[in-house]
Structures are given as structure tokens and as C-alpha cells.
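Quick heads-up: structures coming right below.
Next, two complexes with chain A in common: one pairs it with chain B, the other with chain C.
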Partner chain A sequence: MSVVIPPRPAPVKTQTAGYWMRRNLFSGPFNTILTLLSAVLVVWAGYNLINFVFIEASWGQVWRNMKLFGAYRYPTEFLWRPLLAIGTMLGLMGVMAGAGGRKSIVGSAFVALQAFVAVVALIAIVFWPSVRFLWPMVFVLGAIGYGLGSRWPKSTVKQLPWAWGAWLVFGYLVLAGFTAAGPMTKVPVRDWGGFLLTLILFTGIVPSFPLGIALALGRNSKLPAIKYICIGFIEIVRGAPLIMWLFIASLLLPLILNVDANSLPAIMRAYVAITLFSAAYMAENVRGGLQAVPRGQGEAARALGLSAWQTTLLIVLPQALRAVIPAIVGQAIGLFKDTSLVFIVGLVDFFKVGDIVSGQPEALLITGGVKLETFLFIASIYFFFAYRMSLASRQLERRLGVGER
Partner chain B sequence: MVEAKAPARGGATVVPFWRNVKVIGVIAQLGFLVLIVAGVGVLVNNVVTALAAANLPADFSFLTKPAGIPIAERAIPYEVTDTYGRALVIGILNTLKVALVGVVLATILGVLFGVMRLSGNWLIRNIASVYVEVLRNIPLAVQIVFWYSAILLPFPPRISDPIALPGGLLMSNVGLAFPALYPTYDFVAWVPYLIGGVVLAAAATLWRVRQLRRNDSFGRVWPFPVVAFLVVAGIGLGLTYVNDKVPDNLTFTYEADRGRGTTAFVVDGKARPAAFVPVDVSIKAATLTTTSQNLVESRQVISGTFRFPLIGKHEASDFTVAFADPAAAAASGLKLEITDFPSVGIVYADRNDNDRLDQGEDIDPQTGRGYGGVDVVMTLTDFNRMLVSDRDGQIRTPLFKSAAAARADTSGESALPRPGTRFSAFGNDAATDAAEGVVADTKILPVGALVLSRAYVPVSNYEGGMRLTVNYLALLLALVVYTSSFIAEIVRGGILAVPKGQTEAARAIGLSGYQTFSLIVFPQAMRIVLPPMISQYLNLTKNSSLASLAGYAELFVIASVISNQTGAAIPIALLLIGAYLAISLAFSVVLNQVNARLALVER
Partner chain C sequence: MSDLASAPSSVRADSPTTGETIIDIEGLNKWFGEFHVLRDISLSVNKGEVVVIIGPSGSGKSTLIRCINRLEEHQQGKIVVDGVELTDDVRAIDQIRRETGMVFQSFNLFPHLTVLDNITLAPIRVRKWKKSKAEERARYFLQKVGIPEQAHKYPGQLSGGQQQRVAIARSLTMEPKVMLFDEPTSALDPEVIGEVLQVMVNLAKEGMTMVVVTHEMGFAREVGDRVIFMDAGQIVEVGSPEHFFSNPHEARTRAFLSKIL
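What follows is the complex of A and B.
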């Protein structure tokens, strides 16, 4: 005889707001108190922030000096040149994004950047007559790149590292100019500044990449002379803070290279210091990747008859780099933040412009000063870019399965 | 199929030397070395010739020359006339001061937020996430300036009116000050007891461990050495207070005119500053004069405050307040009004002589500024105060000036206070210094090993107690908050890395949630967390080199000032690199020790 078990009642619906709150906010007396206390704190902080941002703050000083924040003393009539460089960069990134699709990591980062550019372009169209058409141009260049990237065959897209190298040269030429007059008039590097300078210094990560790889390979070398010199360089550079290297570079680089101090602009000294500093950290990241590649890979490659160089370049390095991409992105975030230290060599980057703007005579006339407003603005811009990069890094981590056990 | 070549006779292949891996390796290294040596040689040669051409110092002899750098914050006595070497030592001490405190606070804050990020409470979890994401994505430089010039400089009240918190804490835009215990000249008498305490504590530990082992039981060890140490040290401290005496070679000079006293030990015939000596200063009777410093400081100029430093409400039994030149003051319609605090006077201008302050009377219509420069004379009787000398042995208060000296100042053509003139509290000519001083009886008080020094505001800065300048606080806050966001991530990762089975097993054997965390999960997480944590500590120390943004004089700031002054860029660079490498090395030694202790003992 079989017993028919009566059907169980349907499970209680757990997706209600009340259930969620009981579970996540008020599960027990301790949690309830904690929730209430922190809710009070959040409301208080939020109220103060909103009250400050929308009512008490005087944003006029920041708003009037947007040109300084963007490009400092770069001549207004040549602003199309940095924007062209940025536009082409966005275009190149768009090609990568287009090739990978919008859901890819580059793709989503690209979309966020384009959104940022679109907002700035809208503001420019309405308020900034001198760059009214230029910011939309940047947006369009990015969009064109995306369109091309999604159509080009994969083999073309693979050539992109070369395109980035070419872009570095192109960007420098466009920014610096090479003629005495006309559209490509030379702009002295001491006039470069603001967020433009921050971006320029940030590109120091590009040359630091091959340098870092070379240092990492050197450190892993079996030849003691090469190994210990690489270790010495990496450890000494990493042992001292970047600000000290910037300071030393600005003082000693002209002496070391035996050139006139004036012929070596501060921006170049800072660039050298940033690149070498970044290379030392890059080397350690890459070394981590090299250690993560199973020995069998190298041995198998040698067994197949590949030479030592072929084994390293074709088998070991690609796997090693793949494993450390998130770490490299993390380092890029650090470098992006660290570019704010170039004030020590007298450069006026985005951060230093804030100091200047909030110290202008008209700023001092405003009751309470505009320090808080200025640095909130600066902090939020830095935050936007750094946070966007850290999101990308996290996506990468998830996709590559790094850090999962 | 490829036919394998038969090995040459006897199985030994003769490899030509240019294809021998070992030979190639040696040649490659030699080539590399030659390249490096040649490159470095050329660069060094460049530097040497450039230095010689520019006549810049290339050795360390400048370290013994007088620095002439004023340093506001110093842990050890320092004068402007001291050497560059001493200035650098102060820089290192200042770096350590901010780094050590920062490391402790950042760890506490970081662990707190790391644990909060894993909380079951949705709100707490998200508050912690926002905290971490916001702070670690904003450059430290921006954060330092933010704390310094956007928060700590404008918001707290001015030094003349500090917030007094319970426990003797004072907060103002100059910084934070609180009472502190300082070692005195008698500290040496306590040292044997401290050593004895440590010895006894070690003995107690051994005894306790042995006892536990003998009885084969579990129990706490730490209370035994702690109690043993505290008892011995406490008895020693008490004894120093019972047998207190002032050493013979402790001297004291007091210049009331300049308001500056100095205590000193005479060692080898040379007076050395003696830190933290309590001194009793008493003044039987004196006529004191001060000139209001500046009445036109703020935008709403209606009053100026001048106070006789250090004179509390009930310490002055008799006072008068008067103009230096009453006739001139009356002619220009100046009047004085005194609040109930006797040493504070407020100056108003009653221009229409109706004995009332009407609209607009506070500002001179011609200059748009207030009135300034009124002398206040006060007769002082029975002033008595115990002061603790400062770190460099100086007592900077009270800031008195004798009446005769003040009169001499204002008796000239400028007897009439002029609007908008800046006055200083002291005469600015030599005649003032030569004038008679206030006679003060001063006596060094016998005291035990420690003396409690309280913070107070004599004129425009803190005296006594422990003072943290606003520069130090800004740098510390920024470093702590920034580093804590990284530590929080490390702690979170460490806790997540502890296998879930550990928690489940702990809950299964009946441990509570708190016990599971504190006894099972956290200790295991520490093992994972410590190495990256120590590298964060190192980062914090290196990041303190951004101190110039907050105006705090740490190693890098002082070194760059010296480099600018002397042009000794190369020696300074070498010293800096050496110092930072030494710090890094110290951290990595600690790291290795900790790692060795924490590593799982594997079979």
C-alpha cells in the first residue's frame, strides 16, 4: 500500500522588502542598534555633503578656471592640438573596444570614457565657445574608432601595440609643435599643465612596460652579474618614495647627462623619474607572473626545440603577462594618483592648479575661501578615473580567474 | 622521419666554444658589466665635472655647519644655530613620529573597516565599501591638502578661543594639545626599578609557564608578568616622589622682561637644556604693561583682545587698565571697556561721546579699519604659578613687560594710537630690552620621576602638555585614512581566504559568532594578512615624504631645504636613499621574522 504524502505548502515568499530588511538590517538587537546608529551617521553626512555642494559652496571660482584645470597655460588658440591627441587616443581605444565588443573590459571602460567626454562636450557646446566644436570632435573620433574596430579583421587589430607607439610620437609632435608660426607653432613644454599634464605623465606607464619586462627577465636570469644589477636597481628604486626620485631627477639629471639645465625641461626630468620608478614596480609585477607559469611550460618548449629566447618570448612571457594584467592595472591606478607629486619639481599638474586657483586673489575674497570646493572638485575627477580603472581591474580579475582558489 | 645523428665517437659531442652555453653566459655577463661600468663611469664623470664647474659641495663636510633652518616641530632640543646634521636627525625623528603613530592608527581603522565590509548588515557593509573605494582612489597629495588647508586650518576656532574638551584637551586652528607626563631630572632614579620590573616580569613568566606545564593545565600567562612589572615600577615611582630632591647642577635663569626662563644642567662647565623641570614662578607685586597686538585682524573689527598671559582670573587681585597717554586717548575719543576677566581688555571707539557704541563706531570712516594700539597697565600682586619647562628647557611664559619699558615705547611722537597700526607686544627698540625687568622669585620644585604638564594658551600658541600641530595632525589624518583603506582591503581578503569549513566547524562545536571570529577566523587571517600589511606600513612611511604639503618638517622636507641652501645635491641624495633603504630594510627584517614565526609548520 502506498501512502500519498500530502503536498507541502508553497515556500514563503522571501523577496519582500520587509523580509530583506529583517534579514539584512535588523537581525537581532545588536544589528538593529548598529543599523540605526549608522543610518543617523549616513543621513547626517549626506545632509552636510548635499547642503554644502548645492547650497553653501561657491563654485564660481572653480567654474571660471576650467581652462586652467584642463590645460593650464597651453595657448587657447591651439587647444585643438591636445584635444586632437586625446581624440586619437580615444579612437585607438575605440578600435580595441570595437574589436572586443561593448561588453569586453576595454569596451566598458571605453563606454565610460565616452560618456565622460559626451558630458564635457555638452558643457562645451553650451558654455565654452573656444572649444565648442573640439570636444564633440573628440567624441566623434572615439566613435569612429569604435566603428572601425568592430569591422576590421582581427589580424589588423593585432597590430595595435605599434599604433600605440606611433600615437605616443604623434601626440608629442602635435602637443609640442614643430614650426615657428602657423597651426603647428611650437608650444614650450613649461606651458603644459593641468589635467593635460597629468595625462602626459600617466603615459609614462607605456615605456615603463618594456623596461619592467626586461628588468624582470634580468632578475630571473641565471647569470649573476645581470641578476644582481637588476635586483639592485629594482630594490633601490622601490625602497625610496617617488617624490624623492622626482626631486633627485630634477636636481641631478642635467648634471648626470652633462647638459644645460635649461635644455632639459622639468617635465622631461619628471617623466624619466616616473618611467624608471614605474618600471621597477612593473618588474616586480611581471616577476610574479613569471613565477606563476608552471616550469613544465618552459621545459616543454625547450623539448620542442625552441631556443631560450623563443621559449621566453613565445611561451613564458605571454602566460606570465596574462596572469598579472590586474596587478598592472592596479599599478596604473597608483601611477595615475602619483602623478600629483610632480609639484615638487615645479610642474603645474591638475592637483597643483587647484592650489593656484584656490589661492588667487579673487578666491581669497570669498568668505571662507574656496579650498574645500576646489579640492572636492579635484578629488572627484581623480576618483572618477581611478575608480573606473579599478572597476576594469576587478572585471579582469574575474575573467582571468586570478585570485580564485 | 628525421634521422638522429649518431653521436661522435664515444658519445661525447665536441661543442665549439662559441656555442657553449657556459662560455656564452660568461661573455654575456662580461659584456653587460662592461656596458654598465662604462655607462655609469661616463655619468659619474659628468657629475664630477659639473660639480667642480659649479663649485658645489660633493662631500659630507656641510653636515657640521650651522643650519640656520627654523624647525617648529622637534623631538630633541634644536636651535637655529645647530648643525645640518642635527637638523637631519630631527627630520628622521619627525618621520618616525608620524610613521609609528600612523601605522598603529591605520591598522586599527583598517581592520575595523575590513571587518565591516564583511558584515552581515547591509548598511554597515556599504558604508565600509564607500569609505574604502573613495579613499583609495583619490591621490594622497589631494587628501593631505584637503585635510590641511580645507578642514583643519579654517574650521577649528582660533587659538585665542580654543575648544576645551574634558581631560584638559585643547583644540584650535593651531593644533591639539593635551596633558602629558614627562620624565624629569629625577628619571634616572627610577630606571633601576624599571629594569628590576622587567627582570621580575621575565621570572614571573617563566614560573607561570612552568607551573602550567607541571599541572598540565591551560591558563592565562600574561597577567603575571604585567602585575609583577607594574608593582615594581609603581613602588619605584612612589619612592622617587618620596625622596625627591633637586640636583645641585641644575640651574635656572629667568628674564621676566622677555618672559623667558631657562633651566639647565651644568655638565662639563657647559649649560645643557634640561627638559621638563617644574618651576615655581611667583611675583609679589609688579606693574605690567602690554600693548594690544593688532585690533584690525578680522573683517568685523569691533574689538581687540589683549591678555596678560598666564594670569588666571583669581590670581591677580588688583588691576588697572589705562592708556599709555590718557590725554591723547581722550582727545581722540578712545575708551576702554573691560570684561570680567581682568586680563582681557576690549577697545572700542566711542566717537560721538554718548558712552554707547553706536552703529559704525567700531570702524574708522577714513581708513575703514578699527582702532589699535592701546596700552593696558595692570598691577599684579601675588602671582604664583607652577610651570613645566619645555622640551628644550625653556619656559616661555609669562610674557611680561615692565611698565617703565612700555612707557618708553610710547612716549615718543606716536603716543597717540593710530588706527591700523600694527603693534607688537614688546618694544621694538633696544631701549626696551635694557629697561628694568619684573622681579620674579623662581624656584625649581623637587619632583619625582615624572611630572604632569598641562597645556594652556598664554598668548598665541600652546605651552606645556603635549602639543600636536595642525600640520602634524593633517599629515597623520591623511596618511592614516588613506592607508587604512588599503589595509581594509587586505584584511577583507585575508578573512575571505580562511576556508569556510573552519567557520562551520567552529560553529558546529558550539562557539558563538564572536568566538568563531576572534578565536578561529581572525588568527588564521592574520597569517595571510601580515606580509601585505607590513608592505603597507612601509608605504605609509614612504608616503610621509609628502609632508611638505602640510607644512610638516620630516626627513625629506628638511633634506630638500638643506639641498637648496647648500647645493649639496649629491650628498643629500645619497643620504636620503640610504635613509629610506635603511627603513625599508628594517621593515623587511621585521617582515621576515614575523613570517618565520607565523608560517605553518608543515611536514
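What follows is the complex of A and C.
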């Protein structure tokens, strides 16, 4: 006769710290030696780093040049313009975060960015009179966006991609200005720089996204003309390093086209080069996603009577993009750091400012120089943003694994 | 070989009953590269008929019904569905696809959409129905296949049998004139095959025109009006289920049936 066995609770593992250490760190003479050696190394490196950061380093040079790091030669009296652009960007992101809730991926990234802005705003209020009210304004704009996003209906929030497109144009107009005098005085593009320039170049990822999707779809097209143009573009662009495309865009193109090198500002040329470069990689990412969608999906959609375009836009593409979001975020992180290559064509981005600041005469007089301080500062800022993106990517991966498979 | 001689390569499988023809296939030939996968297929199906296609794997059964809604392109012959001939004309293809529902072996539900969105997508986008009407019809058919409570779940949260029933409801909501079933139970666990077959039996009894590729002989026997046996890309034998399961003529048919019954 069979008896139903009642369920029993799983055995609980009791593990003390001592047990864990014996098992993982000191499980034999060789491992014990390795553990001790690593401990010595970690303590030594940690001690030196802390000693340098808090005692030996002279941060004055970095601190005094914050304006250069932030916006380079952008006129101080017009600093409200880039900050307005950044504020509206945070506002848009806030709308997304508000619509998705604080726990959503955009939401948590937004909270981290707002915290960063809040810290900068506090510093600005105390130490930087020229932007005393502007950084708090950035924070407030972000908060307003969040408030609107959590109240607006879903149908309004769905129009956001258009808002991002409009923001690119708005941001450019505000930064560049369009009058000879007054609050919207033109600011020559060669004066844009610092972290502002890094951010501007990074927004190249926005237009590269639709471009990359179009290229990926074009590559799968049945029309040979479209197909081979797309393949040619992708392969040629991917076949050479970004630095070469920056050179071509900045130096060779004006020569080849026989136009004045200043007719299009160097930043714009670099921007286009970065966007197209990123689009080619984006296309390959998206293509990988397209291949990951089973054939049956398209067949089922066609069998229901959906047109080829409807099938692509409603069935295949959403699934393909979902599959490659982690790869796309990875690409964004790469692009964010690769923007530092523009120093090679004479642009002064965040990274290049560090070079300039540590080479100023007053810096040269400081014992030991300030190179290490400067680049530690730059590295930590890059790290904050890159790590934040990486965190969002991991959250995405986890979320995509649940429920909707 | 004697059995080949007695089975000319073009057995006609015309509907025995008089009535309105809805699918008419004449002299259909198809090649995959060099491989001649469909050979001189002639077949007609009347409104309200249930035609069951059986045969060993690789015999071209699936390819044949996939030709009916142009998921596969044929190279020779003529296919007319509901009075429209299948050609390269995209409008003709779209029209035929609107009027034919298809159920796949691997369900092919859209994993990024809820059950309800899976079902209402095509009615809204293709039939241009209002959302409210599409949802009402979707719920009606979900009720009919016995899973009204799953409307807001994602396909990945359903069992195989439930997914296949959603797929059937998705096709039915388009109100097709013909339903094509491509081995609908082959990917299912044995214990849930019954629930899908029951839905199909009910559908047949309500008078839906159905072309079913299957290995479920019980289904063929219970609701099939005609059974078609295919082998090596051609129709070998056609007849009523009684004929097939009592005294099939062809040696190839007998050999096949003896293996699976």
C-alpha cells in the first residue's frame, strides 16, 4: 500500500564565518599562502591609495578648474544654457522614471543621477556663485519630470521617443545660440568642451539607434540594392578603427570635398562620425537579435494576415530588441568612453581637459605634479556613469528573464 | 515495383460530395532546391469538410498545407482558395491569409504579448476592428477553447496544451473560412493532447472547414470526412476513414498503418 509522504522542510545549512574561511581561504598550505599574500597586497595597495587620496595629493588644482572640467571655454555668463539642456534631459528621463515607477530600471538610474546632481548642486550653492541657482534648477527640472511622468496617462508617455528627438534639436539650439547679442548669443562650437562635450558626443547613441535598426533591416532586405548598400556600409565602417573615422571626418573630408574646413564645426563632424560608427555596430547587434527570433514567429504573423511591415514592427523587432538590450547597453558604455578619442582631432573633451589642467604653469610648480590627481578624478567620474549603465544593464537582463519568455 | 504501378503518381483527391469548393489544388509541384517535395498534387476541399492528411515524416504533408496559405511558394500548378488564385500578387496572398487560419506544431504564440493581445492583434490591425469588439470576440473564443481565465497571462506562463488552445482561439477570432492544422498535437505531452483534440472535434462538429495534418488516428476516425495518405511527395490513397482503417488498397498505406496503429 502506498502512503503519501508529507513534505518536509529542506535542511538548513548552518555556516559560521570560521567554517567559511577554513573552507574557502585556508583549505591547504598552498591556499593559505596565497590568501596571506593577497591580503598583504590588498592592504598595501589600499593603504597607499588612501594615503595618497587623503594626505599626499594636492587636489587644489583640480578643484580650481572645475569650470574647465565641466564646460571648458563655454562663457560663464551663458552656463545656464547647457545646464538648461541637461535639466530638460533629466526632466525627460524623469518622465520615463515617473511612468515606470521608482523601482523600474530607468527609475533607479534616474534616482542615482538625481543624487549625483543633488551633490553637485549642494557644492555649487556653497562654493560656485556663478552656478549657485543653476544646479538646483537642474535638480528641480528632473523632479518636475518625475512628477509629470507619474501623473500623465500612458498614451502621453508613449510619445516620448519624439520628445527625445525634439530634445536633441532644442539642446543644440540652446547651446549654440542664434542671435548676435542678448541671452541667446551665439557661442562658437570650438568653445564647447569638457564634460559637456563628452555628454554631447555620447548623445550620438540616440540617432544611431534608429539608424542601426534601419541598417539591420536593410541588410535582411530582399532588394539587392538596399541589401548590398547596407552590408557595404556596415562592413566598411566596422572595418576601420573609430580614430581613423574621426581623422577622416575632421581632416580628410574637407580636403576631399574641397570645402573650407570651418564650414562645418569640428564637433559636428566628430559627432556624425561617432553616430555612424555606432550605428554600424548597433546594426550588427540588432541583426543578432533578429536571428534569435524563431522563424515560426514571422510565419504565424503572416498566416494571420499581417503585412510584412506589420510583422517586422509588431512581432519580430520587439522580440529582437528585447534580446539584445544588454548588448546595446554594453555598446553605450563603450561609446561613452570612446568619445575621449576626439582629443586626437583637437577637440577638448572631459579627458583632454585633464591633460590641459595638469599641464598649466601653476600645476607644474607643484611638487610631484598633479597628473595622478587629475586622472584619478576623471577616472572616478567616468566610472560613476559607466558603472551606473552597467548596473542598469544587469537589472534589465534579470527582468527580461522573468515571466515573458 | 507492383505497388507503384497500381498507384499512378497523380491520384486525384477531389471532394466526393457535391457542394461549394473552397480549396482547389490542381497539378501542384514543388521543389526544395533539387528535391522534388510535392509531385502532381490534385486536391479539392468543400465547405464544411474535414480532410485529414497522414503519412510518414518527410512525405510532404506539412509542405502541402503550408502551400495553401503561401508560407511555401509552389513552382507549378494552381491553388485557388475561396475563389482567389495564389500568385505572386501580394494582395491575393494577403486576402487568402485573412480567410485561412493556421495552427502550428510549435504554437508560435507571440511571447512578448499577453494572451489577449496575441488574439486581438490581427483582428485590430488586419480586420480593422475596434479594440472593444476584438476583445469581446477574443474572450468568446477563449471561453470556447476552455481557458477564459488566462487572458492576461503571457504565453510562457501557460502549459503546452493551453498555449495550443490559445493559438486556435487566435486563429478563430479572425473568423476564417478554412482552418489549417499542421501537426497541432505533436509537440504536446500525452496527457494534454486530449484537451486540444477535443477543441478540434467541437470545431469540426460545428461545420468548420478543416485540413489537418496529424498522426492522431483516433481523430481521423472520429471526425475525418476524408483521409489522404501521402508518401514521397505524392497522394497515394484517398478514402473515408472506414476505408482506411478496414481495408486500405495500397501496400504502402498498409505498411504505414501497420506501423502506427
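Following the convention adopted for this analysis, the second predicted complex is superposed on the first by the 372 of 405 C-alpha atoms of A that agree within 3 Å, B and C clash if a C-alpha of one lies under 4 Å from a C-alpha of the other, contacts with A are read in each partner's own complex, and residues count from 1 in each chain.
The rule we apply is simple: contacts are C-beta pairs under 8 Å (C-beta built on N, C-alpha and C of every residue); 3 or more make two chains touch, one makes a residue touch a chain.
For clarity, every value in this text was computed on a predicted model and none was experimentally measured.
Colleague: Now for A:L365: first (chain B), second (chain C), both, or neither, which partner does it touch?
Modeller: neither
Colleague: Given the touch rule stated above, what does A:A166 touch, chain B (first), chain C (second), both, or neither?
Modeller: Touch status of A:A166: no partner.
Colleague: Once the structures are superposed on A, label A:A303 by its partner contacts, choosing first (chain B), second (chain C), both or neither.
Modeller: second
Colleague: Look at A:I33 in the shared chain and tell me whether it touches chain B only, chain C only, both, or neither; answer first, second, both or neither.
Modeller: A:I33 contacts neither chain B nor chain C.
Colleague: Quick check for you: in the superposed arrangement, does A:A115 touch first (chain B), second (chain C), both or neither?
Modeller: Neither: A:A115 stays clear of chain B and chain C.
Colleague: On chain A, which partner's contacts cover more residues, chain B's or chain C's?
Modeller: B
Colleague: Once the complexes are superposed, what residues of chain A are shared between the chain B interface and the chain C interface?
Modeller: 405
Colleague: Which stretch or stretches of chain A touch chain B in the complex?
Modeller: Of all residues in chain A, those touching chain B are 24-25, 27, 31, 34-35, 38-39, 41-42, 222-226, 229, 235-236, 238-241, 243-244, 247-248, 251-252, 254-258, 333, 337-338, 340-341, 343-344, 351, 354-355, 358, 368-369, 371-372, 375-376, 378-379, 382-383, 386-387, 390, 405.
Colleague: In their complex, what parts of chain A are in touch with chain C?
Modeller: Chain A residues touching chain C: 294, 296-297, 299-307, 310, 314-315, 318-319, 322, 403-405.
Colleague: So in the complex, which bits of chain C are touching chain A?
Modeller: It comes out as residues 69, 71, 94, 97-98, 100-102, 104, 106, 108-112, 121-122, 125-126, 154, 156-157, 167, 170-171, 174.
Colleague: In the complex formed with chain A, which residues of chain B make contact?
Modeller: 25, 28-30, 32-33, 36, 43, 46-47, 49-51, 120-124, 127, 133-134, 136-143, 145-146, 149-151, 154, 497, 542-543, 545-546, 548, 556, 560, 563, 569-570, 573, 576-577, 580-581, 583-585
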